[in-house]
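Chain naming follows the written order as A, B, C and D, and within any one chain the residues start at number 1.
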């Protein structure tokens, strides 16, 4: 059986790096999905959360969404360059992506400091003093979801960096760019869901 | 890795080329621009005063955006079925989780014994 | 030798019946399984190697006995379900008209029983709180509000075949009706810390007149 | 044992090795090490229940807090570390590449990393015993709010270092790390199955055990996700003062129960499926018959996999879930018993009219089927009926039920596999007399322990009590006697495992060398190479021509036809 031709991909034939990455991504979806399910249900249960959502910085969130969408585009460009085995272009697009990740994290850090300044923290003792017990949970979930996502941004950027360095050094392993890129897209997709849930619905 | 003793003969049937890029490439720029347009719609839709409508509009656009990224940027369109099945199973699991949790979360009123 | 503790509630018989029904049906299935395991062992020498049947178990014709067994099992299972759903709806999903209302609140590690007080309403200022001993009238539907102050607890009255968890932050109302007066244990069935095994209260079931006298005594204090 | 690795030192072999066989053995030894303690715990708390005044050597007379710690850690270790460590990690690592006829896993480095995470989780779990709380004691289900504070006395932790260096935090970290380890392992298994099969081996020619381990890994991955998020939230509840499970802050303790059992029920199948796979291998080899209904079993298992994601709330029938939802979960629970009935019946059909060899692995396998079906499966019907569950929930009946589902799968099927493959991975033979002694002692005293527990549960004995003598209705009649029988049996059950450990160690060093690579005359690929397999598993990559269970095939002169042998 010769399976190299494009049209005859059987239902289970896929290179192993990509296969492993897709499996990982499916697993990550369930983790974040669990958090989003918890968030959605509590959001339905406590209408008071809408008021809390107004305290988030929509402008910063919008810029961040744009940054991540753009970085996703950069990663596919890097993949396109990797297919052509063009090391310089791969390096260029990956560096742009990592720059986007840094911008994202910077804006997120600015948001966090602002919110902590307002008294919204993981445990929000300030809200408790005002008698807003239920609302503390909103901020706990906010920090959990965005924090976990932020960790994935860091992880994805590091993965991209190391893969790029290895590719630049050895001039091979180009398929790893796509695998790391897949992970980066997953980070983007999670944000696509987090952004409206956290920032837009009041 | 260097200590690996490799057996003789054919390793295994060449299931797939390990590095060859055998899937198609959509026009990434076009997809990116569509994504930006949808993103703009999302942001403007959030200005609607009714939160329920905002939720429905914004969440469905999110699903469209996510599937565009998955299908085009992540090349799911060209991936074999097993990846689809796997993602489908993840969605099924999440749907069950949501349905199972719903009756025990949303309609429940909080209660504390007064003067407890 | 009795298997269950003596049944003193109106729905206890349903539960005992369900147990015996499933046990008997499962017992018949057990005999079949044992036969299917032991018979091949006893006759293992009879089959010379090549007399074996090379059956792959494909297609309906070869699998028909298994399909039949699964079908029979499905029928049995669903009849259990139908039989038990009556009792489940009666005990859990419906609340008959109440004769007496009481709240049981779990607390590490005792049961706090809240009686409604002279006004007959719970959670008002004249409520009376008692610990560990709950007095209830006989032959009367008793509504129990189950909740907890700190961690999860679970009210378990074995003689009444009643069990339900007490969760902090929510009120769950279930009912029970005792058919016989006496003292019955009320234990905690959910891990609640070091004193879990010492969290043993009792239910005192009294005939109506005697119960009213006792209740009046409690309210007086 | 180490014929192929003489030139490598201990550290190289048991810490840095990339070979999947070494990693499998690393898993085996680590899990046996930790399970040894869990077994001792069980012995100690059982003795405490039946003979509260007995001064237990090394432990003394244990108090309620120590009792809770022992029970909790017994459950945690047995379910999360032993069961998955043996059936998924050990069996998967050792057997998947050898059965698929390839040299190693798809990602050997990831495999090694996965073991390191597993080892780290074990170390962190052990550290949790040396923290001020002396171990976690809030029940293996870790239900908050009990698991958030000082589970012993409900006194909240004061400072951050108190909270972080507490047994709660460390146990949760250990669990999280173990999940990560098994997720990495699972990805590896899956990719290996799909991408590294021997030439000619179609997906339906893969031995059932490999399929079962891979399906179990996938199921594990999809069910564990929400619990990983939940564990993260519980860690924050303990350490950062959030209120995800605190009702006064808008959280909900029931949320944890849902997330936990959303994983916890599929977990039962994660353990069960590899067990069934081992049974399939052992039964076909010893029955000298082809497996009845290979595809049928595979389809049933796939159905059960999807169904198992929607039955979890039957652990919570009386935990405050909506009773109407409980009805739905009850129906689904009953439905999921049907596919497994089909699998067991297929195994029984394989035995039917067979020319079976009553070898030691076969004894383990057949008793696994009997015990699992009769006392584990059928009592599941009792508990699946929500109305009876209201009475039996959280009593010893449940304890007996899940011991009768897990022990046949983990111990009996696991031992069947161990005795079956021992001469493959060690190159030596086990002592048959000690093996038989181990089997019969385990079989008899497991029942001597389990059946009294059923009766105690029916008498209304709640679980996790550190003593029943102060409760009148539980200390009258024959109940104390039953507890004593159960305790003595449990003690002998645990002690008889020492026979096994002795036999294992003795046979590894002093056992008779195997004379044949394929002593059971089995067909699958791992038997077609030397014992133990060399580095890289095969001298020449095998080429596969047949399905995995070609026994007594018409037209073949021998009664078995190896997968890599042309007719």
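Just so we're on the same page, a residue touches a chain if its C-beta (ideal position, glycine included) is under 8 Å from a C-beta of that chain, and two chains touch if they have at least 3 such contacts.
None of the values given here were measured: they were computed from a predicted structure.
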item: Longest centre-to-centre distance from chain C, chain (CA-based); value: A
item: Pair of chains whose C-beta contact count is the highest in the structure; value: C-D
item: Chain C and chain D, separation of their C-alpha mean positions in angstrom; value: 29
item: Computed distance of Cα centres, chain D from chain A, in Å; value: 35
item: Mean-CA-position distance for chain C and chain A (Å); value: 47
item: Distance from the mean Cα position of chain B to that of chain A, given in whole angstrom; value: 12
item: Contacts with 2+ other chains: residues of chain C; value: 169-170
item: Sequence positions of chain B contacting 2 or more other chains; value: 13, 15-16, 82, 86, 89-90, 93, 97, 101, 105, 108, 110, 112
item: Multi-chain contact sites of chain D, meaning residues that touch two or more partners; value: 194-196, 222, 225-226, 247-248, 250, 252, 254-255, 320, 324
item: Chain-chain contacts as defined at top; value: A-B, A-D, B-C, B-D, C-D
item: Complex contact set, residues of chain C against chain D; value: 1-5, 14-15, 18-19, 22-23, 26, 29-30, 33-34, 36-37, 40-41, 43-44, 47-58, 62-63, 65-66, 69-70, 73-74, 77-78, 80-81, 84-85, 87-89, 91-93, 108, 150-152, 154, 156, 158-159, 161-165, 167-170, 172, 185, 187-198, 200
item: Chain D to chain A touching residues, read off their complex; value: 106-107, 110, 183, 186-188, 190-191, 194-196, 203, 221-222, 224-230, 232-233, 236, 240-244, 248-251, 255, 259
item: Chain B contact footprint on chain A (complex, rising order); value: 1-4, 6, 9-19, 22-23, 26-27, 29-30, 33-34, 37-38, 40-42, 44-45, 50, 58, 62, 65-66, 69-70, 72-73, 75-77, 80, 83, 174-175, 178, 182, 185, 188-189, 192-193, 195-197, 199-202
item: Residue ranges of chain A touching chain D (in the complex, touch as defined); value: 12-16, 19-20, 23-24, 26-35, 37-38, 42, 46, 122-123, 125, 128, 133-137, 140-141, 144, 148
item: Residue ranges of chain B in contact with chain A within the complex; value: 13-23, 25, 28-29, 32, 35-36, 39, 42-43, 45-46, 51, 54-55, 58-59, 61-62, 65-66, 69-70, 73-74, 78-83, 86-87, 89-90, 93-94, 97-98, 101-102, 105-106, 108
